[in-house]
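Look for chain A in each of the two complexes below; its partner is chain B in the first and chain C in the second.
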Partner chain A sequence: MIHYCIRKLLTMIPVLLGISIVAFALGKLSPGDPAIEALRRIAVEDPTAEQIEAMREEMGLLDPVPVQYGTWLKHALSGDLGESYLDGTPIGAELLRRLPVTVRLSLLALFWTLLFGLSGGICMAWHQNSAADKVLSGVAVFLLSIPGFWLAIFAIILFSEILHWLPTSGIDSWRSYLMPSLVLAASNIGVTARLTRGSLLKEMGQHYALVASSKGLSRRSVLTKHAFRNSLVPVVTLVGNYFGGILGGSAIVESIFAVPGIGKYALDAIYTRDYLVIQGYVLFTGATFVLVTLAIDLLYAVINPKIRLEGGVR
Partner chain B sequence: MGGEDIQIRHLTVKFPAREGWSVAVDDISLDLPSGQITGLVGESGSGKSVLGMSILQLLGASAKVEGECWYEGKNLYRAKEKELEKIRGGQIALIPQNPNQSLNPTMRLGRQLREVLRLHGNRTGEQGRQYVLDLLRELGMDRPEQIGRSYSFEMSGGMNQRVVSAMGLCGEPQWMIADEPTKGLDAVLRRQVYHVLKEISENRIRSMLLITHDLQLAWKLCGRICVLYSGVLVEQGGGSELFRNPLHPYTRGLFESLPAKGMHPIPAPVREKGEGCMFYNRCPLAKERCGRERPGEYQPEQGRIVRCFLYA
Partner chain C sequence: MLEVRELTKTYGSLFGGKRFTAVDHVSFSLARGKTLGFAGKSGCGKSTVARMVLRLIPSDGGEVLFHGTDLNRLSQRQLIPWRKRMQIVFQNPEGSLDPSRKVLDSLMSPLAVHRWGNRGERLERIEQMASLTYLSTELFSRYPHQLSGGEAQRVVLCRALLLEPELLVLDEATSMLDMSVQAQTMSMLREIRQKLGLTCIFIGHDLDVLRWFCDDLIVMHQGRIIEQGPVEEVLTHPKAERTRAMVESFYNWE
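Moving on to the complex of A and B:
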């Protein structure tokens, strides 16, 4: 188990480095001269060539690129992601301030995904090939194939404009999270339900499930006590990947519902070409994705004793 | 009909095939007398497991089962699911084939064993734990406590074989169906399994259906032998008589293919179910009539039943 954890931790390092290089490159490739921008921010509107040169020297822009990367990474690791071009606020602090909103939204979406995805999948597997199975399968395909923004607009029209049940935008109370999180979860619910159904039916067809029946267990017990846990392995992978995706992909939903999370921050930054904000966002969500993946790998070991005991040859 | 014997009448099992049905068991009637071991032999794919599983109604939804199976006054093929749950493991238990795949890989072995106690019988808690440990020890396991805490993938095939045997015994059933208990094991492990089964049959469960293609095992353990060929019961008889004097040409071929007899392989099966005898295409003694007509069951001696025109 210790070996497994250490190996998983070690494989994260090159991935994190790759993400940081991509984020750094994004900042480097952005148009405009950072030295001039910096001078403007200290109110030097028409800088001379010497002033620019001095600023470049001071900002380390004359160093070789790898050295610049090193300096940048050191700052980034200590939470200093630079300042927004737009208003000069520190990006790291702004991301942290907005993070709780996005995390709440994502966790709620994850909760819906697990609740409806797993229960829907179990229900379909239990009533395999019945009318309920077919109807739920249809719903699942519908959910995973409609675009999120369409669903968002539809939900706003129905629940806010016609029924007046839920607020259209902002986050005033928990009710504000309801629509965005469900819209965010919709396609994941569809995928999870389908995968759970398939995985559960596969496990129910395994020899050990037949043997469990031969002991006198009811079909319900075979499913809940034996097959379910084994069926979770692919589901956990999928949900893990999607959770990373939810965190990153909440941008559109946050924008439509005017939720002040990090996704909306990044999207606004794209409109205003605020490159350092985008850079910070890429670094931040990339690292989060990797951490979630690590957490999923550790969760595997909990579900599957084979990994726990043998150090996981998967 | 009733009693502790298992009486199968006109059992036919079909599976949906690409066109129509594939018949795995073809109109078999068979008595499994309680108090002794009946062996069910035949080559791979002859329908042995399907016959065994049909008794417990474990063939899955796709199988079409026709006929009757009487046990203690009940037709098991018509029994309700709740009744079957009581019978499975509690009155008729299974020692499944492929022990390594028979155990849940994410549940500790001890829990899988105690699960049977919870379903059948009234041993609970510490008493149940002790019962399982004694059982494992009796089956030749040195450190049963440790086994209870392990998972199946940590065990050798021989160990898992004993765990599934113990699992079958936990519910103290009257009947045991053992499906290919020696399949894929080396000579040393086969001997161990033989001793386990002998021990079980002498001290715990007298009535057993032993499904095997291991003729030596059948010969050593079985009071009665039934020979299955391509879903048809071709011969039945007392164990020693049948081995001393096999009557059906298929049985003779089967016994001659034993290593001890110089291993004369029987020609490969021709999967073509015509009008006549199932064995017609491979039979060295086939006559013209055998290709036209299905032979009935003939009784050349007391206690022997053969499906072959040689004994008509």
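Moving on to the complex of A and C:
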């Protein structure tokens, strides 16, 4: 188990380095001269060639690219991702300020996904081929087919404009999180429910499940004691990847509901071509995704002894 | 002891068209201590018959009389005391063990379900059956994926015997093992069958094994019984055309 953890941690390093190189390259390749931008920010509107040269020197832009990367990485690791071109706010601090909003939204969406996805899937598997199974399957396909932005607009019209139940935008209270989190969860509820159903039915059809019923366990016990746990592996993969994705900010949903999270920050930066913010965002979400993936890997080991004991006795 | 009458299973198609008949009015009886073999091509319905006898899948008609009680008429709850009197061993031993449980937990489980004795007595019981199936107690703390095929099959067999079943169904129980392990397992089975006075249903493809292990033989084709009788007679003087073809192809192929 310890070996497994260490190995997983080690494999993370090259991936994280790769992400950092991509993010760094993004900053390098972006149009515009950082030295001129920096001079403009200190109100030098029309810098002379000497001023630019001096600024380049000062910003380390004359160093070889690998050295620049090293310096940049060192700063990034200490949380300094540079400053926004637009208003000069430190990017790292801004990401951290917005993080709790996105985390809250993502956790709530994850909760809905697990609640409705798992229970829907179990219900469908339990009543396999019944009318309830078919109706729920239909609902699941419907949910996973609707584009998020359409569902978001529809939800705003229904719950805010017509029914006046929920606020349209902002994050004034917990009620503001309801709609965006549900919209964010919707398609994944559909996918999770279908996957859970399929996975459970597969396990219920395995010989060990038949043996369990032959020794006298009820169908309910076979499902809860044997099949459910073993059916979780693909579901954990799916839900984990989804969670890693939305934790990096869900640009569309956040911007429709005007939720001041990380996704909205990135989307605004794209509009205003605030390259350093995009760079910071890529680095940040990339790292988040890798961390969540690591968490999933560790979770596998808890669920599946085959993974936990990998490399042990045959 | 076991009497099966007109057992039938059909599967519907998705759009409710013509139903496929997997098992078509199958009847047979089995006396205590005897072993009945089932032969036939894959998909002929022999495994389905076995599963319906144990009521692992519901049948669509017919009776399964076990000591005179029709199991098909019992509710799932009423069925529980009958369950321990008949056990099944499947073809794929590793798939018959819950991958997330250690061997000992899998062995404890049937005893726990039937609230048999306390922990100490259960352990004693397991050790007793383990020695009968040549199962080393060292394997108890392993997970299924850490067992060889033969070891896993002995675990599964040991588990099936823990509740002292009267009827043991062996559904191609040895066909996934390699030849030498298969031979070992079969002799072990014969030995255990004699010691415990088991009644068996043995489903298999290997006619030599069937001949060696069974008293009677049923040959099935497309859900129907095409021939039944004492194993020696069926295999040496097959009456049905398909049985003859099966016997010929088996021995010529060898």
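The working rule: the second predicted complex is superposed on the first by the 309 of 314 C-alpha atoms of A that agree within 3 Å, B and C clash if a C-alpha of one lies under 4 Å from a C-alpha of the other, contacts with A are read in each partner's own complex, and residues count from 1 in each chain.
Assume contacts are C-beta pairs under 8 Å (C-beta built on N, C-alpha and C of every residue); 3 or more make two chains touch, one makes a residue touch a chain.
Not measured: the values here are computed from a predicted model.
In the three-chain model built by superposing on chain A, chain B clashes with chain C.
Looking at the shared chain after the overlay, A:304 reaches both chain B and chain C. In the superposition on chain A, A:216 contacts both chain B and chain C. Under the contact criterion defined above, the residues of chain A that touch both chain B in one complex and chain C in the other are 206-208, 210-219, 226, 229-230, 303-306, 309. On the chain A side of its complex with chain B, the touching residues are 205-208, 210-219, 225-226, 229-230, 303-306, 309-310. Only residues 51, 54, 56, 76, 79-80, 83-84, 86-88, 90-92, 95-100, 102, 109-110, 113-114, 142-143, 145-146, 156, 159-160, 163 of chain C touch chain A when the two sit together in their complex. Chain A meets chain C in the complex at residues 206-208, 210-219, 226, 229-230, 303-306, 309, 312-314. Every residue of chain B that touches chain A in the complex is listed here, in rising order: 56, 58, 60, 81, 85-90, 93-94, 96, 98, 101-107, 115-116, 119-120, 151, 153-154, 164, 167, 171.
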